[in-house]
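What follows is a single structure, written as structure tokens, with notes after it.
Lettered A, B, C and D in written order, each chain numbered from 1.
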């Protein structure tokens, strides 16, 4: 094991110990245990109103295309950007 | 439909629409496409100015726009019935409007410049599409009031920039620079997403104002702060993470670099928004005492940033001294200029929350105005220098300092523009750089005299760097290969003249700019209560 | 990349229509069942990518160019943003408003809530946006895969074909 | 405590990804590291939205009962699409870099053209 790999392992171990420690001990204060989110006004509002406000049965689609539709425009733009970028990178250089 | 009510949405939607239309228009005719792109960039710029005018004349100084529902109804239902805020909204305050002016001005000049600068290249349809997408992404980052939306626009900006940095695909170094940039920015974006998830887990909200109202500054919030500062600092080239910037700025076409400056500043805007608005409530919380110092979170953050700022200035200046490539040298000076802005903002944090200096209010306001003014000046000065470097490359196909010389004989106008940029970037009196740097020196002197001494010395070094460049590129003996160099086309000179005109105007009348543009932005930055209460009603 | 064996080609031709129909089903029922424009588009694009793998990129490039896909993608993106802009003109006159649904909606067929009854003609502007995004994703993903596959073909191979 | 296993999976994914980015020298492996971090973050988002005993937030043929939270799922969807876009661009850069330098080792690229 050379020096570089040793450093790598030491660095990652420190981060790992820190994160595991934080997950184990910080649960009751900040982060809620898996399966029990306590603050959920926004999501409950969406579940209750998706059918009447947007007319969609699928709650996720109603978020994607109605409540947070502008994000989806951005997301579609990201894909458009990537396609334009890939085509630009592989273009023919001579006219 | 009254167009004035929908300005925040149109500012982002118009360049997006233009970007989607550009490939189709490009099928018809090249010239038509160029005119179309300039028209769209100009329209965006005009819309931004109208919006800024609205914001600056608004009594609260904040314009809100909710997507997909009536703005007033939504805000009323939040304030009165206590409904949660589920939709995305744009919240434009003085700072956003100020940044958006920069973000729309740069692409306009860049597309005018590209008309003849990029004429010989293929793939211009995609090139112009990506420039417009960068514009839309930048403006979206600056105007949005929603964290996840900020992330999405950040990704649009970085993907478009990465593809454009690698525009010269026949050069291996350009591809490496693009790869570096996309790796750095996608890691940064993932950090931001992790921070957003942490906020979502605790407060079930994605809106900046709602989170800022509820924030507790607990353990997880501290992790989120570190993640956000690290990621946005990485994207705005703070010192240990600046490595991508010289590569990216140096390898991209000059017109792209000009817009890239705007994207870097948009990330810096993100840092400001996070520090002052998102965590604004917690910065003054009482911390432990160390001697006479009160270690509030704001003071600690300021102390951290001041160290980063000094390192950034040093790295930028000293690396610039030993460069032999013109564009890389200017890129390192750009790093140093970012250090100056960071120095000003950390001086604000220290003087506001450190509680050591007697006239806190004056010092922090001076530093804040200096920092914000310097954001605009940096974009103009460094941008002008890059445009000149691009013009030199256009005329000689060369950027290495060793192979250039005596250009002043054949390229008179370019030489004048370079001189203007030189004086402005190194903060010499008649130019705008002086107007903002003097504010920074003044305020940092009050915080700690050593800081301002370092700042002044480095500024002199920047002047030395550029005088050396000026001597070796424009004066001195003419190289044999450069005998037949011609002045660049008029349209490129026009775009450089626009920027020089703004620089000289800012230098001669700094008060006009400070009173009309900077003061509302500074006001918006220090007072995050208005930002929160304009969404959630009176708190 | 050249084509693969005859067995693979035959299997691809058989499976391709089914994958296509499944993808289009996912797009069309985005507002009722799990899925939507992105997911269905990804399914259809994978079907196209399967053809690309089986028949080789040179053959595929002769059938369809990335230029055409790029135009299709632009059209999809334009459709999506136009639906957002139409919200400015009709109904409540707000960007990104659902101008078909609701009390002021102008819709003839899409203007009713689903309320648990499976019907494609519900949910206002959402199915239309699903179709626009679906078109965009199909064209976009296939264009990326096609361009990248064609770029890795050796120059000799192109000339010999 | 044992129910928090998803969070540990998130930590493991992010750490493996960080390791690959920081200490691997092959460009493709760096990209794999980025996608691993992305999976970790997506898993974290999805995990946040789960309520005990809940079904998918879809009313078509729904069995009734509580539904899980829809917003994290929508965010994850957006984040996945963005990940695909970034991945495509990074891989095309790698193809070009390989053409220029005939290697994928980070130590050997970036020299003169």
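The working rule: contacts are C-beta pairs under 8 Å (C-beta built on N, C-alpha and C of every residue); 3 or more make two chains touch, one makes a residue touch a chain.
Every value quoted in this text rests on a predicted model; they were computed, and no experiment measured them.
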- A-D or B-D - the one linked by more C-beta pairs in contact: A-D
- Task: Let me have the rounded angstrom distance from the C-alpha centre of subunit B over to the C-alpha centre of subunit D, please.
- Result: 28
- Separation of subunit A from subunit D, taking each centre as the mean of its C-alpha atoms, in whole Å: 9
- Item | Gap in Å, rounded to a whole number, between the CA centres of subunit D and subunit C | 23
- Task: Would you mind listing the residues of subunit C that make contact with two or more other chains?
- Result: 32-34, 38, 70, 74, 77, 81, 84, 96, 98, 114-116, 118, 141, 144, 147-148, 151
- Query: Could you say which residues in subunit A touch two or more other chains, in rising order?
  - Reply: 31, 37, 40, 42-43, 46, 51, 57-58, 60, 62, 64, 66, 68-75, 77-87, 89-90
- Junction residues of subunit B, two or more chains touched: 16, 20, 23, 67-68, 148, 152, 155, 159, 162-163, 166, 169-170, 201
- Message: What's the contact topology between the chains, one of line, ring, star, complete, other?
- Response: complete
- In the complex, the residues of subunit C that touch subunit D are 32-34, 38, 114-116, 118, 141, 144, 147-148, 151-152
- Note on the structure: Counting only contacts in the complex, subunit A reaches subunit D at residues 4-5, 8, 11-12, 15-16, 19-20, 23-24, 27, 31, 33-37, 40, 42-43, 46-47, 50-51, 57-60, 62-64, 68, 71-72, 74-75, 78-79, 81-83, 85-86, 89-90
- Message: If we count contacts the way the header does, which residues on subunit B are in touch with subunit A in the complex?
- Response: 16, 19-20, 23, 67-68, 83-88, 122-123, 126-127, 129-130, 133, 136-137, 140, 148-149, 152-153, 155-156, 159-160, 162-164, 166-167, 169-170, 201-205, 216, 218-221, 223
- Note on the structure: Contacts from subunit C onto subunit A in the complex sit at residues 30-34, 36, 38, 66, 70, 73-74, 76-77, 80-81, 84, 96, 98, 101, 112-116, 118, 122-126, 129-130, 133, 136-137, 139-141, 143-144, 147-148, 150-151
- Task: Show which residues of subunit D lie in contact with subunit B when the two form their complex.
- Result: 14, 21, 27, 30-31, 34, 37-38, 41, 44-45, 48, 71-72, 75, 78-79, 82, 85-86, 89-90, 93-94, 96-97, 100-101, 109-113
